[in-house]
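Right after this note come the structures.
The two complexes that follow have chain A in common; it is paired with chain B in the first and with chain C in the second.
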Partner chain A sequence: MTELLQQTLDGLSAGLIYGILALALSVVFQGTGMLNFAQGEMATLSAFVTLVFLQFGMPFWAVLPIVIVLSALGGALIERTVVRPLERSGELPLLTLGVALLLGINAMMAIIWGTNSRPFPSPFGQGVVTSLGLRMTYQQLGSLITLLAVLTVTILVFNRTSIGLRLRAVAQNPDSATLLGQHRGKWLMIGWGIAAAVGAFAALVAAPVLTLSPGMMTFPLLLALAAATLGGLTSRVGAVVGGLIVGVSNSLAGRYIPGLDGDLAIVVPFVITAIVVVIKPAGIFGKARTVRV
Partner chain B sequence: MSLDEMAPPETEAPAVLRVDELAVEFRGVKALQGVSFTIPRGGISSVIGPNGAGKTTLFNCISGVAKHQGTVELDGRDLSRLRADRRATLGIARTFQTPLLIAELSPMENVLLGAHAGIRGGVVGLIVRRPAVRADERAARARAAELMEVLGLDPDDTRRAGSLPHGDRRRVEIARALISDPKLLLLDEPAAGLGADETDQLLLDIQQHAQATGMTCILVEHDVGLVMRVSRHVVVLDAGRLLVAGDPREVAADPRVIAAYLGDDWSEDRQ
Partner chain C sequence: MRHVSRLIPRLGWIIALGIGVILPLLVSDFDLLDLSRVLTLAMAVAGLNLLVGHSGQVSVGHGAIFGLGGYAAMIPVVSFGWPWWAGVLLAAVLSLAFGILLGIPALKMGGANLGLLTIAVAVVFPLLLIRFQPLTGGTFGMFLPSPAISLPDSGFTSRQLEFWVCLLALAVVFVALRNLVHGRLGRALAAVRTSSLLAAANGIAVNRVKLIAFAVSSTVAGVAGALYALVVSIAVPDSYVFTFSIALLAASVIGGSRSWAGAIIGAAIIVYLPTLAEAFVGGQAAGNWSQFVYAAGLALCLIVAPSGIAGAVTSLLGRAFAYAPMRRAVVERSTDMRTTSTAP
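On to the complex of A and B.
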């Protein structure tokens, strides 16, 4: 029983990373209708920038706000410069753009920092907490708390503030929002900024465990895509719940399904996603898109 | 007070809206051509015309949704080159034949969106929620609740706007337009889907609001009797051209209007 709980807990910690990335994907998708394949590489870039600041001897907690703001500005800049010209040109160009950004940012990081994995210090220190027979490293516990806080703040911003109301309005009905004086482009840019900032947190808590390399977030992004599809790309809550389901099912499958130990366990979350999508194409919390003709 | 008593006589008030040589073409079809008129400040004015006359296209031009040639001036300011969202912040609000609400949001959230042009502070101010922003948000919420109650809506309704009955959706859309304190409110067939009493009440509310705030309302409406009762100024379009514009009596007596639009039935009604 304790082991089952321990596996679930491990799965939840990993799942939160996927969930947070999926949340970033969902914010961008709702606004622009684009699956941002580069979300993971953008987050990795944030982690590299953090490392540069740390190498100058700055303490992690002083670097964090700087990097989050820089990430948001970077996300907004990408929307403004390369996404906006293609915004109304349909899904295929946007999809291609996502892949181009993924490869481009990845290559840029490889040129600057090389492809070797680098150690990334844990901001939470070394150590283990044991309670009720369950154990968590400081890193796991700190990540869990950080990501829950990010999640709560993001959801509060979207659901309780006027900024969130405008973001939702522009995402759901751009024509109507425009006639209410909302500049669509401005709010999409802000959405990209928020997504990049949220994604940066995912990379920062993942880096100490995965070690930092340009391809660090490629695998988590795949799982985040599954998570967002599973939970519903149009639903922020769905993205996070999807992430948790993916994380937990991956962790439990690796332990309990014979023959699926190690990396093979990843099959299970994708099978679950496939089944859900067959039954409910928009995902668990997703709403089918209505098209006006 | 009835609607009839509220229709003020035509006066020489300065124009709030001036439209000059407006022209719109969709794939070779001239939806509007050479349309020029002015709308006096205050009260309700109307645009009438048969189906396909270009009434909604005219609204699309004024609100900036449709690309057009010619000029649109609000209070002497040329809006022709401005995007729809800029025109909205300068004081043009509109509603649609089929209410264009944001279906996923609650009625209150929809109405609040209308107010957001008036909340101070840039993006950073909104994120850190400065006290001024919070005070503005509180004030907007109170104002939204007040407007919704005036229009007979429940401010605490938690349903999605998309699931409301038609009449309520129309009222939400109007509350959302009014909360921005527009200089000019464009109402596209507000009576469609409403009963006669509901329509009268709605227009009475709007007229009172216009009187209290100095707002001008332009109505696109099929019900000519209603238009003649509530309007101080009437613009008649036919096949994309301006037929005649003037006070309701002049317009109703104009033989071209009778021939093109009102028809013999209507002139008989009046006798």
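On to the complex of A and C.
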């Protein structure tokens, strides 16, 4: 029983990473209508930049705000330079652009920093908390708190501020929003910035565990894609809930289903996602899109 | 006038085929290996073109299907001593079945889910290969001790024969795909690509048409993969990783996803770009640099030349010879309508 709980707990803390990444995916998808396959590589790039600052001897907590701001600027820059020209050209070119970004950023990181994994210092230090027979490393506990904070802030920004209101307006009805004086491109750019910043947190808490390499976020991104689809791409809460489901099912399948240990456990979250989507195509929390002909 | 403009591309293809037939007699065996690789990859990219360019779907997992075909041919040939063509046939059957199995749930889900599902397949496939070691040889893969395609008494080397086999296969695939696209299914696909709602309203079974396109595309990729593996005599999990799937997609878009000549251009880029990059930067960095060039080329094509290199060249030629491609397309479509029953 304790072991089951422990596996669930591990799954939840990994799931929160997928959830945060899925949140970033959902922010971009809702605004631009693009499944950003490059979200993971963008996040990894943020982690590499952090490592560069750390090597200059700066303390982690001083680097963090700088990197988050840089990530947001980077995300906005990508939107402005390569996404904007394709903004209205439909789903397929945008999907392909995501693939191009994934490939390009991955190659760039491999050229600059090489493909070997590097250790990434944990900002929360070494140590283990034990309670009721369950154990959590400081790293796990710290990331849990950080990600919950990021989640709360993002949801507050979207639901309680005028920035969030404008972002949602532009996402839901670009034409009306434009008529009301909201520049669509500007708000999409801000949306991309927010997504990149949110995604950066996912990479920063994942890097100490996974060790830093250009391909670090490939699997988390894949699971985040499943999570976002499962929870509903149009729902921010759905993305996070989806992430938790994916994380727990991945962790439990790896432990309890024979033959699915290691990397192969990834099959289970995808099967769950497929089943959910067949029953409810828009995902658990998603709203089905209606089209007027 | 119209007849001349329609003859030029046909003449071009005939000349290209003629050059292809005599090429093995002129070029060294070493170069022939790369050229055969181009032909087989062009086949896979052409299959992807049917999907991306003509039916408006996207697959990020064709590298895995290519690999499935490769292993489906290599395992019986290497482990059970089948003749090579039987291996290719098995690859065709398996990849067709796989395409249907993957396509049905993906289409039921709709939207971008085919992309999502194929991405999952692309990532899981190499892991499965390593997992099923007794059958697939694990990390070290399958290795052909001697060339599978050979005629000992003919005086031709295996490399020459392989090239001719690949050329024949590519020609058959091109003609088949071209006829498919110009026929009833092609018009249905064009309707679905433009607006699936309108297509459905006009009585086209949207999901069925999409599924056929995916299944055909998957079969072509599987056969291409089988020939590729037989030509290079080796199949290892590392050849079929996620980035290879992306490279195929990139080749389709960069070459021109609505052009069959574009498939050859795209395939040539896949084969020769790493070699070219090696000449400039050398060693291990070459792979990364060529990956970077793919990405930049892909993004650039999407923004600047959405119809790819072949599309851009065609429209430039069109302008140079001063016949309007737009008008020609309209004329062609109207003649198609009139002459469907009498067309050869």
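Rule of thumb we're sticking to: the second predicted complex is superposed on the first by the 293 of 293 C-alpha atoms of A that agree within 3 Å, B and C clash if a C-alpha of one lies under 4 Å from a C-alpha of the other, contacts with A are read in each partner's own complex, and residues count from 1 in each chain.
As a working rule, a contact is a pair of C-beta atoms (placed from the backbone, for glycine too) under 8 Å apart; a residue touches a chain by one contact, two chains touch by 3 or more.
Just so we're clear, the structure is a prediction, and the values are computed from it rather than from any experiment.
Enquirer: Quick check on the chain A-based superposition: chain B and chain C, clash or fit?
Expert: fit
Enquirer: First (chain B), second (chain C), both or neither: which does A:Met108 touch?
Expert: Second partner only, chain C.
Enquirer: First (chain B), second (chain C), both or neither: which does A:Thr96 touch?
Expert: Second partner only, chain C.
Enquirer: Of the partners chain B and chain C, which touch A:Val82 in the superposed model: first, second, both, neither?
Expert: After superposition on chain A, A:Val82 lies in contact with chain C alone.
Enquirer: Report for A:Ala177: first if it touches chain B alone, second if chain C alone, otherwise both or neither.
Expert: After superposition on chain A, A:Ala177 lies in contact with chain B alone.
Enquirer: Counting touched residues of chain A, say whether chain B or chain C comes out ahead.
Expert: Result: the larger residue contact count on chain A belongs to C.
Enquirer: According to the stated criteria, A:Thr2 is in contact with first (chain B), second (chain C), both, or neither; which is it?
Expert: Neither partner.
Enquirer: If we overlay the two complexes on their shared chain A, which of chain B and chain C does A:Asp263 touch? Say first, second, both or neither.
Expert: Second partner only.
Enquirer: Between chain B and chain C, whom does A:Ala274 touch in the aligned arrangement: first, second, both, or neither?
Expert: A:Ala274 contacts chain C only, not chain B.
Enquirer: Rounded to the nearest Å, state the minimum C-alpha distance from chain B to chain C in the superposed three-chain model.
Expert: 17
Enquirer: Spell out the part of chain C that touches chain A in their complex, as residue ranges.
Expert: Interface residues on chain C, with respect to chain A: 52, 56-58, 60, 105, 108-113, 115-117, 119-120, 123-124, 127-128, 131, 197-198, 201, 242-243, 246, 249-250, 253, 285, 288-289, 291-292, 294-296, 298-299, 302-303, 306.
Enquirer: Going by the contact rule at the top, pick out the chain A residues touching chain B in the complex.
Expert: Where chain A meets chain B, its residues are 157, 161-163, 165-166, 168-169, 172-173, 175-184, 190, 287.
Enquirer: What does chain A use to touch chain C in their complex?
Expert: Per the stated touch rule, the residues are 35, 37, 82, 85-86, 89, 91-93, 95-97, 99-108, 110-111, 115, 218-219, 222, 225-226, 229, 263-264, 266-267, 270, 274, 277-278, 281, 291, 293.
Enquirer: Using the touch definition up top, name the residues of chain B that touch chain A in the complex.
Expert: The touching residues are 63, 65, 83-86, 88-89, 93-94, 100-105, 109, 112-114, 116-117, 119, 123, 126-127, 129, 133, 137, 176, 180.
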